[in-house]
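Here come two complexes built around chain A, the first alongside chain B, the second alongside chain C.
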Partner chain A sequence: MMSWGQLGFQDAGSYFMEEFIYFHDFTMMIILGVLSYVVVFLILGLISGWVDSGFVEGQLIEFMWTIFPALILIQIAFPSLLLLYLIEDFSKSFLVCKVIGHQWYWSYEIKTESSELLASVDCYMLPREDAFGMRLLLTDEFLMLPINVPVRILVTSDDVIHSWTLPSLGIKGDAVPGRLNQLNLTLNRKAMFYGQCSEICGANHSFMPIMLMGVYSWEFFAWLDRL
Partner chain B sequence: MASKMALSRSFRLWGRALVVQRRSMGTGPLGYFPSRLDIGKREVVGFGLTGEECYVEDVHSPFPAIRFKEDTAEIAMLREKEKGDWKKLTVPERKELYRASFAQTLTEMEAPTGEWKPILGVTLFLSSLGIWFYLWMRKFVYDDLPETMTNEELVKDQIRFMIEGRTNPVQGLASNYDYEKGQWKK
Partner chain C sequence: MSSGVEITRPEGAIPLAQKYSGLSEEEVKKRIIAYNPPADSRFPNQNQTKNCFQNYVDFQRCVRLRGEDYKPCQFFERNYKFLCPTGWIEKWDEQLENNTFPVKL
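And then the complex of A and B:
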């Protein structure tokens, strides 16, 4: 979850989010370079006394200021498209987790790839007085998934459109009734991850949080046994 | 009779403002476009900004197409003197000649106008209105901050939750906690 006054991303909880952060840092570097260049010339243009109003049709400079930004954009596009297709690569997954949005709670069904149901959990938000200060974030039950295990997440809804979001994992999937949206998740560390519904779904849209705990595989199986 | 005279006068004035003449430069589609202003007896001395015979003076085109003033007898005399050695012209005479041809010197053209003062003043005034509006919103509209942000005990509970939940262990909060010793890193 976010800390007070935090402006940047949360630390990555999945391998995809790590890549997103790297891509963000790479693009930000380019953006800052271009911004510095523009600001310097903007200030020089404002403080200099004379301008050449007859300067027209500079073919070489027009060529350069067309080609150079195009090259920058190509350089940004390569990792962007690589990531875009990487997150859509659904190869082997060991678990399937069906996420169902309701008004106003989330329910999870954990199954194997052969559709054997392992667990089913409904997660309602805890009221403020029971939430230990974690206002709007804690639920009575939470989803537990093993780390370093590819999980196929299928998001859907029982009534209206919701959106299942976990910013620290870099995933967001709209829960649309009558549709299964597929997400790919591989947790990379043991921690608690929080999220909130991200599509307006009624009066209690702000009060249906998501809690996900990443644990070792044996702890995950122990949790399944307890359920 | 009076109305006929008024009509005739207005026609003459209109004619002085927009005399239709064939342009000397060509007979194309703009050949009959009414373009020449009445410049009186002012001498045409060059092309100017666009070729129009009017007084346009700017830092980008400092040489207008026509002189600023009509030549009086005194100016005409100075013009004759100007055809000779310029060292024989006195400074007041040079100034007189300059003022006959130009409305402003370059220094006068570039002199600061002080326009920035009302611009800055109005900008700051409007910004202050925005700030007053924000203060009014804070006092009369917004609710108090929730207890989870103001109550120290609840904030401590949240920090404990965040440490136990390994929140941001790489660069954030949990990265400052020593889990082996069970205390904040020193």
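And then the complex of A and C:
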């Protein structure tokens, strides 16, 4: 979860989020380089007081200041598109979990091979006095998923549009009634991950958080047995 | 990892999960959740609504054509039960009973 005064990302909870953070850092380096370059030349130009009334064109400089930015953008585009297509690869999933948004709580469904509904969990927000200081984040029940297992999450809604978000995992999927949105998730560590609904959905939109716990596979099966 | 492929075993062989747990085949199946409906190239993108609905329709058509006991129909049944939310399945089953299902089967 976020801390007060935190400016950067939370620690990555999934492999995709790690890659997103690397890409962000890489792009930020380029942005800061370009910004410094532009600011230095802007200030130098303003304070120098020199004016060249005969300067109307310069073929070489115009060529350079077109080509270099294009090359920089291509350099940014490669990892960006690579990540974009990587997160859309759904062929390796091992487990299917359905997430259904309601007004104003989330429910999760996990089915078994014999087509029985093994787990259906409804998660309501805990009131302020029961939340151990973590107001608007804790729920009475939470979803448990095994770590290092690719999970196929299918998000939908029962009534209005919601959005299932977990920033530390780098996932966000709109829960649209009548539509199934597919998300790919592989947790990389045992931890508790928090999120909040990200699409305005009525009076209690701010009060339907998401809690997800990453556990070992055997702990996940034990949790399913207990439900 | 399970991907929906039917495994053929030699005669008399039983699945490892059943052999080591001592449970019956039905009991083992009740515990298996590691099934992922295989990637369908007709639905390659994020929107899987049609994937779920098409498997449901295909199962209903398969059962009407070949009968309830025809094993290959279970492929579609398993796919739609894993993909579709329970509420949708219940709604469509009700529509089928009331003869108001929007697709001609």
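Worth pointing out:
By definition in this document, the second predicted complex is superposed on the first by the 221 of 227 C-alpha atoms of A that agree within 3 Å, B and C clash if a C-alpha of one lies under 4 Å from a C-alpha of the other, contacts with A are read in each partner's own complex, and residues count from 1 in each chain.
Throughout what follows, a residue touches a chain if its C-beta (ideal position, glycine included) is under 8 Å from a C-beta of that chain, and two chains touch if they have at least 3 such contacts.
Everything quoted here is computed from the prediction, not taken from an experiment.
Contact with neither chain B nor chain C is seen for A:Glu62 once the two complexes are overlaid on the shared chain. With both structures placed on the common chain, the touch criterion links A:Asp158 to chain C but leaves chain B unconnected.
Of the two partners, chain B and chain C, it is C that touches more residues of chain A.
Looking at the shared chain after the overlay, A:Arg128 reaches chain B, while chain C stays out of its contact range. Once the two complexes are overlaid on the shared chain, A:Leu180 sits against chain C while remaining clear of chain B. Of the residues of chain A, not a single one touches chain B in one of the two structures and chain C in the other. Partner chain C is touched in their complex by these residues of chain A: 88, 90-96, 98, 100, 109-118, 120, 152, 154, 156, 158, 173, 178-183, 221, 224.
Every residue of chain C that touches chain A in the complex is listed here, in rising order: 1-3, 26, 29-39, 45-49, 51-52, 77-78, 81-87. Residues 59-60, 146-148, 151, 153-158, 161-162, 164-173 of chain B touch chain A in their complex.
Contacts from chain A toward chain B in the complex involve residues 1, 3, 6, 10-12, 50, 53-54, 128, 132-135, 189-192.
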